[in-house]
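The two complexes that follow have chain A in common; it is paired with chain B in the first and with chain C in the second.
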Partner chain A sequence: MAKWRKAFPVDLADESFISRREFARFLGLVSAGFTAGIGYLWLRKKPLDGAPGPKGIPESAVDLGPADALKPGQSRLFTYRDKDDRCILLRTAEGELKAYRQTCTHLGCAVRFNGGQLECPCHNGFFECGHGFPVQGPPTRPLSGIALNVRPDGTLWAVGDLPKPGEGKEA
Partner chain B sequence: MPLVNEEYGFFIDPQRCIGCRACVGACAECGTHRGRSMIHLDEMDRLASTQTVPTVCMHCEDPICAQVCPADAIKRSEDGVVHSSQKPRCIGCQNCELSCPFGVPIVFSGLEQMLKCDLCYDRTSEGHRPMCATVCPSQALLYVPKTQIESLRKNKPLREFTIGSLHVKTRNAVMVPDDDVPLHLDAALLIAGGF
Partner chain C sequence: MRPKAPRTAMTSFALGMGLLILVIQVYLFETVLGSVLDGHRALLGGAFIASLTLTIVALVMAFRIRGMDSGPRGKDEP
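Moving on to the complex of A and B:
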């Protein structure tokens, strides 16, 4: 028997007829189930607020070595949260230390520092160094920044994620 | 007690038909047929013979009318009766009319629905015989227990037909002189031979 014939049987006994009342009951039960589920999640909302983040990794500080190791226009790579979280540390021409995630916000290529700007070689995207804003090419969102801290002993530490530029202005 | 069961059979004997058209009138009188007759009474060769042949639905085991229905409107109940098309589904496409090897289904214009012999299901399911079988004066249409037919008739019931390349097994039977050889009909050959 063809597969479609099972859905449209010749014999009345094989036909699975769903009445309007049965269909309405099914819809009602499913809707009630969803409503109950949403209510349950709402009740569970407060305990969930204190739960750890999605990856369960708290903010941590990573030692990046001596703060004066880089000269203006130089850069080096480091990893922050794990070995796949690749970041770039650079010293701008003005002597300011900046760190960004190395992932281009266009299609995820690794960006590099050309001495003046961060450039993505895949599609000729460019980001300025001050805040990671895109200035040329296809990227439209700024790079994700890493907060840096120089401790009294002269060592440089990555201490967390910078808020995205533009965020917090409304708050 | 319902009369649509394995015990009872419908036997059509064209040799006994006298062409009185009582079956045609009675069919229209059946409660659910609402004035529409679904029996075909055909004259074979009016110039040469008075032979007439009543045709009611043979209620095929594998009803080709239902197989070709694009709207899934023709259904067979558990007792083997192939019913008229379901009104909400039938689209009046006439596929069933064209496909039936016996030429039984009729798509009524105006109604835009296919109606066919349903063995007077409203009657047979309540213990009455089909209207046509109750009125046929020569018992060319006979509805009796299958075990009785041998004592009633000399000829044999035939329930298998080969029509062109189509092999059909039916619930109803046609009485023929010899049932050893399945009846083979080929309309194309008949037309070519000028009947």
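Moving on to the complex of A and C:
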């Protein structure tokens, strides 16, 4: 008899046998896992990547430099809430400044600006620049937008989270 | 005298209920995650209580229902 078989004396027939009781316990355990996951989301204070921050809490403003630094079709990256909250600032072809979180709403890859649209290279998802709506590929939710403000001295500031498109209609 | 229902009918029901609970849990978790990503955190408390209730039902059925195995007996059943 092989050494490993002596060390683990389980018959192959028993290895493949799962009783109803064991299967039901497995179902209960998986169900408990989902409950723990929801409980974790409930207790977690920090928003998930791509989620807007809690309402009612004033958010700090972040200086993004001169407002006219970007030409139409250009973009640059910045961080907002903390060093892991990566965002992208872009100027659309029409000359509008927009900022979004870089986190794709599909599986969380970083989106990039291709001059006309925001694209997620992982699964070829595309978002339009105006409001961050998905226009092609697997994403179904819009990107999380950042509110911008140009101050009288010509500097551009990120000043908070934009409400998700359609959020105002629910109230 | 009414004939007794076979015990396996009840245990099959319990097993089916466990599967149904798991499907509901998957749907609930997916919905909750999407809502949290959209910034709606208010439903988390209710979702947690609903999920906890379903889990308690599933665990009670898994551990307390007698005669779950109608075929070969499980390791821990007399």
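Convention: the second predicted complex is superposed on the first by the 113 of 171 C-alpha atoms of A that agree within 3 Å, B and C clash if a C-alpha of one lies under 4 Å from a C-alpha of the other, contacts with A are read in each partner's own complex, and residues count from 1 in each chain.
By definition in this document, contacts are C-beta pairs under 8 Å (C-beta built on N, C-alpha and C of every residue); 3 or more make two chains touch, one makes a residue touch a chain.
Being a predicted model, the structure only gives us computed values, none of them experimental.
Touch criterion met: A:37 reaches chain C, while chain B stays clear of it. By the document's definition of touching, of the two partners only chain C reaches A:19; chain B does not. Ranking chain B and chain C by residues of chain A touched puts C first. Applying the stated contact rule after C-alpha superposition, one finds that A:27 touches chain C and leaves chain B untouched. After overlaying the two complexes on the shared chain, residue contacts for A:84 are found with neither chain B nor chain C. Note: no residue of chain A belongs to the chain B contact set and to the chain C contact set alike, using the contact criterion stated above.
On the chain C side of its complex with chain A, the touching residues are 11, 14-15, 18-19, 21-22, 25-26, 28-29, 32-34, 36-39, 41, 44-45, 47-48, 51-52, 54-55, 58-59, 61-63, 65, 68-77. Interface residues of chain A, counted against chain B in their complex, comprise 8, 10-13, 15. Contact residues on chain B toward chain A in their complex (touch as defined above): 62-63, 66-67, 72, 74-78, 83.
The part of chain A that touches chain C in the complex is made up of residues 17, 19-25, 27-28, 30-32, 34-35, 37-39, 41-42, 47-48, 50-52, 54-55, 105, 141, 161, 163-164, 167.
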